[in-house]
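Some structures to go through are shown next.
Each of the next two complexes has chain A plus one more chain, namely chain B in the first and chain C in the second.
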Partner chain A sequence: MTRVLRALLGLLAPLLALVAAFVITSLVLISAGDPVGEVWSEILQVPETRNVANIVNQACVLYLSGLAVAVAFRMNLFNIGVDGQYRIAAFVGAVVAGEAWLPGYLNTALAIVCAMAVGALWAGIAGVLRATRGVSEVISTIMLNFISTSVVAYLLREAAVREEGSNTIGTKEIPEGSRIGPIPLAAADSGPTAEIYGFVVLAVLAGVAYWFVMSRTRFGFDLRATGQSTTAAVASGINVRRMTIITMMLSGAVAGLVGLPILFGEAYSYGSTFQSGLGFAGIAIALLGRNNPVGIALAALLFAFLEEQSNPLQILVGVSPEIVAITQGVIVLTVVISYEVVRRFLTRREQSRVAKAERPADPAGPADPAPTQDQEARA
Partner chain B sequence: MRRSSTTLAALFSASILALTACGGGGDDTASDGGSDSEGGSDSGLKVGLAYDVGGRGDQSFNDSAAAGLDQAIEEYGIDPQESAAEDGESESAREERLRTFVDAGYDPIIAVGFAYEAAVAKVAEEFPDSHFAIIDSETVEADNVANLVFAEEEGSFLVGAAAALKTETDNVGFVGGVETPLIQKFEAGYIAGAEAVNPDIEVQSTYLTQIPDFSGFADPARGKTAAEGMFDGGADIVYHAAGGSGGGVFEAAAESDNLAIGVDSDQYETADPSVQDVIMTSMLKNIDVAVFEYLTAVNDGEFPSGITRYDLSVDGVGYSTSGGQVDDIADELDEYKQQIIDGEVEVPSAP
Partner chain C sequence: MTETSSTAPGDPSTPLAVRLRGIGKRFPGVIANDDVNIDVRRGTIHAVVGENGAGKSTLMKILYGVQPPDSGTIEIGGSQVKLSSPADAIKAGVGMVFQHFMLADNLTVLENVVLGAEKQHGIGRKARAEVRRISDAYGLGVDPDALVEDLGVGARQRVEILKVLFRGARTIILDEPTAVLVPQEVDELFGNLRELKKEGLAVLFISHKLDEVLSVADEITVIRRGTTVRTVVPADVTSRQLAELMVGSELPSPGISEKATSTRVQLAVTGLTLHDAAGRALLDDVTFEIRRGEILGIAGVEGNGQAELVEAVMGMRPGATGSIVLTDQDLAPMSTLRRREAGIGYIPEDRHRHGLLLDSPLWENRVLGHQSRPPSASGRLIKRGAARADTQRIIDAYDVRTPGTDVPARALSGGNQQKLIVGREMSGDPILLIAAHPTRGVDVGAQAAIWNHIREARADGLSVLLISADLDELIGLSDRIEVVLRGRLVGEFDPSDVTPEQLGSAMTGAGSAA
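And then the complex of A and B:
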């Protein structure tokens, strides 16, 4: 019974959150004097094939970012530094791939490994600081973001090639043989084509690997155990310092993948206009997806879908594109709140059940809610 | 422990999103319906304007393009629609912006800023029957693309010379918004101009942020700190090419009783009255003229293509004289201007 109820509530919570977000966003639109009906009918239109491709591509990038954050979240580490990690990793990956020391896909593989290694090392700095000096990873990773920006800007200037008359700079282009070809969604004779990144396959594999490592290996168990109770982890013989460093590095390695779909599938070089801010979006997406590999994928698709609406909303409906960011923020908050509500409801139920079972003769109600079932409800 | 971490994360990401939302500013639909009320609204031209980050209302780069559009709205009664880029958006978002304009029947479409370089190249190829213009990029070569570029280094040379002629400490400064090749053109021209007047002059130079952090174009506090550092270091005139951060440079100049040089538009006219007196001159980059001339040609039934360079010879760049602070050196500046036009003086475009 409880199991069924729990599953039902698990479905209900995100649904409730979406409805609440819908209502709140509508209220924002009304108070801003925007045409609510037009906005929703534009957003809820069936997207064209090329828009679907854009959504999948953007979701692929956001998914990797969400995974990177989730790895650390699972151990109760808050890696705000995914942003800096993916940028420095994408830069190194771009330089390695652009230099093309190896032929064809060997070059691609080398670049991917280098990018992951750099991401891991960069995040590892915060891990080591936390493990040895007790520096909060929140502070150190956010500081490392700034350092990453400056380091990349400096190195980019050294490594940059610039086309005559262009106002952008970038690394050397990746040779054609090392690019990851797109998967066409629809063939077009003229006009825009609809292609999704070949890297989407690798993103799916990363998701599967995340699920496997977290829930089917001893390492994943240690990681989650440490996240839920450090003292219990120590008692059961887990080396928490070592876990902290390894987890941060793992999170950084996944962060190293974030920029690569763009790099190998579209931009072919790292330059002035390379997409920034993906790491911060990843935090919201990991939260929304509740650190679950499928949940993160859905969250990434939802965010990518909303972002794709920003242009039509602006051009066709005449609504400020900031409404998209507002909707995203509202969804994150409503999801967190609705899950909290469901969790408390279940905890209370569980407590009253236990109380009844233990003291069948005692007519008194359940004791004050204590977070005993906390971990189970969230795992 | 775990709970507080989740709450912290939720608050953090919500505030990031909120900040993104705030960053936009600008009233994107400001010119909606402008065509209906104006006289001579018979052209029926639908013009799409794709701004860079900041959009209309940034008091700088984008506003300058908007001014050109507004003039065209007034004179030709065109039907405009505007759309601004968001910070940290993907390449495909820029492409989609252009495609959405095409699908909605807008032609021509003007892309403001070099960030659209790749997007315009791609979308112009997809839609050969539509017409595009891009500002600040000359690499896109297509029959349906017009490249509107400026010789920022030439205008900067003149204000650099003006600074060198006016300084009493033989020490001047340059504050760039974001270190990009484009802003380096301003720096290179400024230094060359100052050294042309006085080879021994000291030019302090700094940038507020590095790629991909473009906040240096919209951070007056940081601009102020940078300029204060230069004034403390002996400079008495600071030139800024930092968009919205320039307001801070003016403040620093006003508080320390020094001078500043504006950029892009005649900032003596647009800046806060309290700092008006410190704006010795401004380097003019007439994006509004470029946009208006392009739309004039389109209104006459012709779609320009290829590179149009707005340099000193066509007054595409220059310096402003409002306030009269450079009137006494106007002859010398005009001499430099003529030498640049005649090719006697070559202005470097990279430091």
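And then the complex of A and C:
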């Protein structure tokens, strides 16, 4: 009963946030004199197969970013540095894969491992600083973002190959045998077929692994316990410093995956035009998804949906697609509020249930406990 | 100050300072106050007694304007008032001294007193003169230019009282003022309170220590389960009758059955020393032994090294030197987790900070501190089913009142949270139990149950290191008592022939250590 109610309320909170975001975005549109109805009908129409593929692909990338942030969130660490971590990791992954020291998929696996390791090390810097010197990971990861951007820009010049007749530079292309092939998406109505990243499978596996580690293993328990109360964690024998470093590294390792779907499924090299800003979206998505693996997936799909559907707004109704950034922002703000409202409601409900259990229906009875204990105590 | 000492306590003709009628306050699922009626006369000390959770604190918060009542009326000095903030209460002449002092250590007494009341007498010479005048008038003996960090606990409390008087309070609420004091300081406080009432002020004294209440109060109102049970005059009741009014049934006592102590030493601590960052000794060459089936009580004024001793034995204090041997194992190089695995159970002093994950369900709290051991874990995996089942076992065996194992720990009352912790720490058959204030803030029923569980485990050979601020608990439960003062063990007492006063002397360093 309680669990059902809990689940229902868990769904109600983001729904409330969506409604609020819808209202506020509409108000913004009205005050700017834009056609509210047309904007929404454009955004909310059923996407075509081609758009569905784009949504899934973008969601896959956002999902990994959200997971990376969520790992740290679970321990009350704010990894603002997923952005820097995924870019330096994707760059290293691209170099390794481009060099093709190993054949075929072995090369792919090596590149993925290297990318994760680099992401882990980069985030680990913030973890070590936090554990040994008490430096806030918020500050250090933001700083590391800037450093990462510069380091990648510098190294890209060293490692880059310039294509004939192009201004863009990039790493060596990944050989065809090491690319991750697409999954064809069957068209619903005999329209043109579309393809989604093969990496989506790996993203799903990452979600399953996240769920298992967090809720079924001792490591996950220690991590969550530390996130809830450092003092209780210390008293129960958890080495908080070690957990801080390991968790940041784990978060960074997942962040290392963020750029890889694009790298292995579409771009095949890391260049100056590689997609950026994915790390910051991950923060919003982890918040919206409540650090829950399924919740993060839904949040990632929602964000990707809004972005994809807003693309033609400029052409069709003359409204800047940036309007959905407002929607996304409002969703994140309101969802934090509505989760808190729901949490307080549930706590109050639990307290009254407990109060009932503590005071059985016996208003005239003695002040407290089981009589046997009283008797023993008197002895 | 205009009135003199002629007011007779309990005389119905004495004008009322405070009159509460039908005060009610509900929190979700809990009735904190229900139909509370109290008359406090001017020039009297009026005690409000009741066990923990009876609703005393809520009532005082209502009177001090922190929380509005759901029903009922408050009259102060004969006129009905509506208090929606402490500022309103201060304006109406009601002041409150909280159990935890609210003083800035790095400021002087004068600066602390005028802080937030700068408009009344400025911050300069006039204010200093006013502080002196109040101090002299009520015999508080407070030097306005002393630094608060140099003052002892008793003097700090007097500064708090002075703060309230400076703001013009004619009714003073003291919330468990003696909890932090040793017996000698309590006597001084009572002297101050008598001065206050001689000057015509009304004092509301919240406590659950009955002997103190009987010695200082003019009238006593008993609160049980949120409602006023009776108002009595000390001359008419004994401490036992008062306790029964409070509890509604007979009062349990901690006493132990018979000595179960064997000769085998189970914990040997030798030369345990710990320094703070400034190099001062928090623990200074602490050496003691606890035998199998023995309860060693540590008495001391809070802040003399008890918390550090516990944390050093638990391995939570890096930098502690000395040897700690549990049966045959040297604990010194072990982590906290390894020490727990070696057979230490730990009931922490602050259950919210160290003992529980408040937002996690009870079964996860069962796992806490036992995440490496069956039944809650096997290898690197947490066994949720087994942990739930074992939580249910604790709930049944330790009478934890809860609707289930999935309830978050926060929803439980303090007593039930503590019973859960005791049950958890007793599982896995510990060799040594470290119990820091095991019954602090729990109701009488839970207290009896916890004492009982400790006694039973002791009979089975458990060694217990008991830290408590409750001298009755220490004397009643311990086989032996060591007194700690400034990080050193300064005397050993036999609980069968020691009085709280003797312990109190040793705790302050005043008496001769036996």
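Following the convention adopted for this analysis, the second predicted complex is superposed on the first by the 335 of 379 C-alpha atoms of A that agree within 3 Å, B and C clash if a C-alpha of one lies under 4 Å from a C-alpha of the other, contacts with A are read in each partner's own complex, and residues count from 1 in each chain.
Just so it is clear, contacts are C-beta pairs under 8 Å (C-beta built on N, C-alpha and C of every residue); 3 or more make two chains touch, one makes a residue touch a chain.
Since the structure is predicted, the reported quantities are computational estimates derived from the model, not experimental observations.
Legend: residue contacts after superposition of the two complexes on their common chain; A:Gln228 is shown touching both chain B and chain C. Once chain A of one complex is fitted onto chain A of the other, the partner contacts of A:Gly318 are limited to chain B, with no touch recorded for chain C. By the touch criterion defined above, A:Phe219 lies against chain C but remains apart from chain B after alignment on the C-alpha atoms of chain A.
By the document's definition of touching, of the two partners only chain B reaches A:Gly329; chain C does not.
A simple residue count on chain A separates chain B from chain C, and the partner touching more is B. Of the two partner chains placed by superposition, only chain C is touched by A:Ser352; chain B is not. Touching of chain A by both chain B and chain C, each in its own complex, is seen for residues 228, 374, 378. Put simply, chain B touches chain A in their complex at residues 1-3, 5-10, 12-14, 16-18, 20-22, 24, 27-29, 32, 48, 81, 83-84, 86-93, 95-97, 99-101, 104, 106, 114-115, 117-118, 123, 126-127, 136-139, 149, 179-182, 209-213. Against chain A, in their complex, chain C makes its touches with residues 27-30, 51, 224-225, 247-250, 252-253, 257, 314, 316, 335-340, 346, 348, 350, 353-360, 364, 367-372, 377, 380-382, 384, 399, 401-404, 406-408, 410-413, 416, 443-446, 448-449, 451-452. Against chain C, in their complex, chain A makes its touches with residues 2-3, 216-222, 224-225, 228-229, 231-232, 234-239, 347-358, 366-370, 373-374, 376-379.
By the touch criterion stated above, chain A contacts chain B in their complex at residues 50-51, 54, 57-58, 61, 73, 76, 78, 80, 87, 138, 149-150, 152-154, 156-157, 162-169, 190-193, 227-228, 262, 266-267, 272-278, 280, 283-284, 286-287, 307-308, 310-312, 314-316, 318-322, 325-326, 328-329, 332-333, 336, 371, 374-375, 378.
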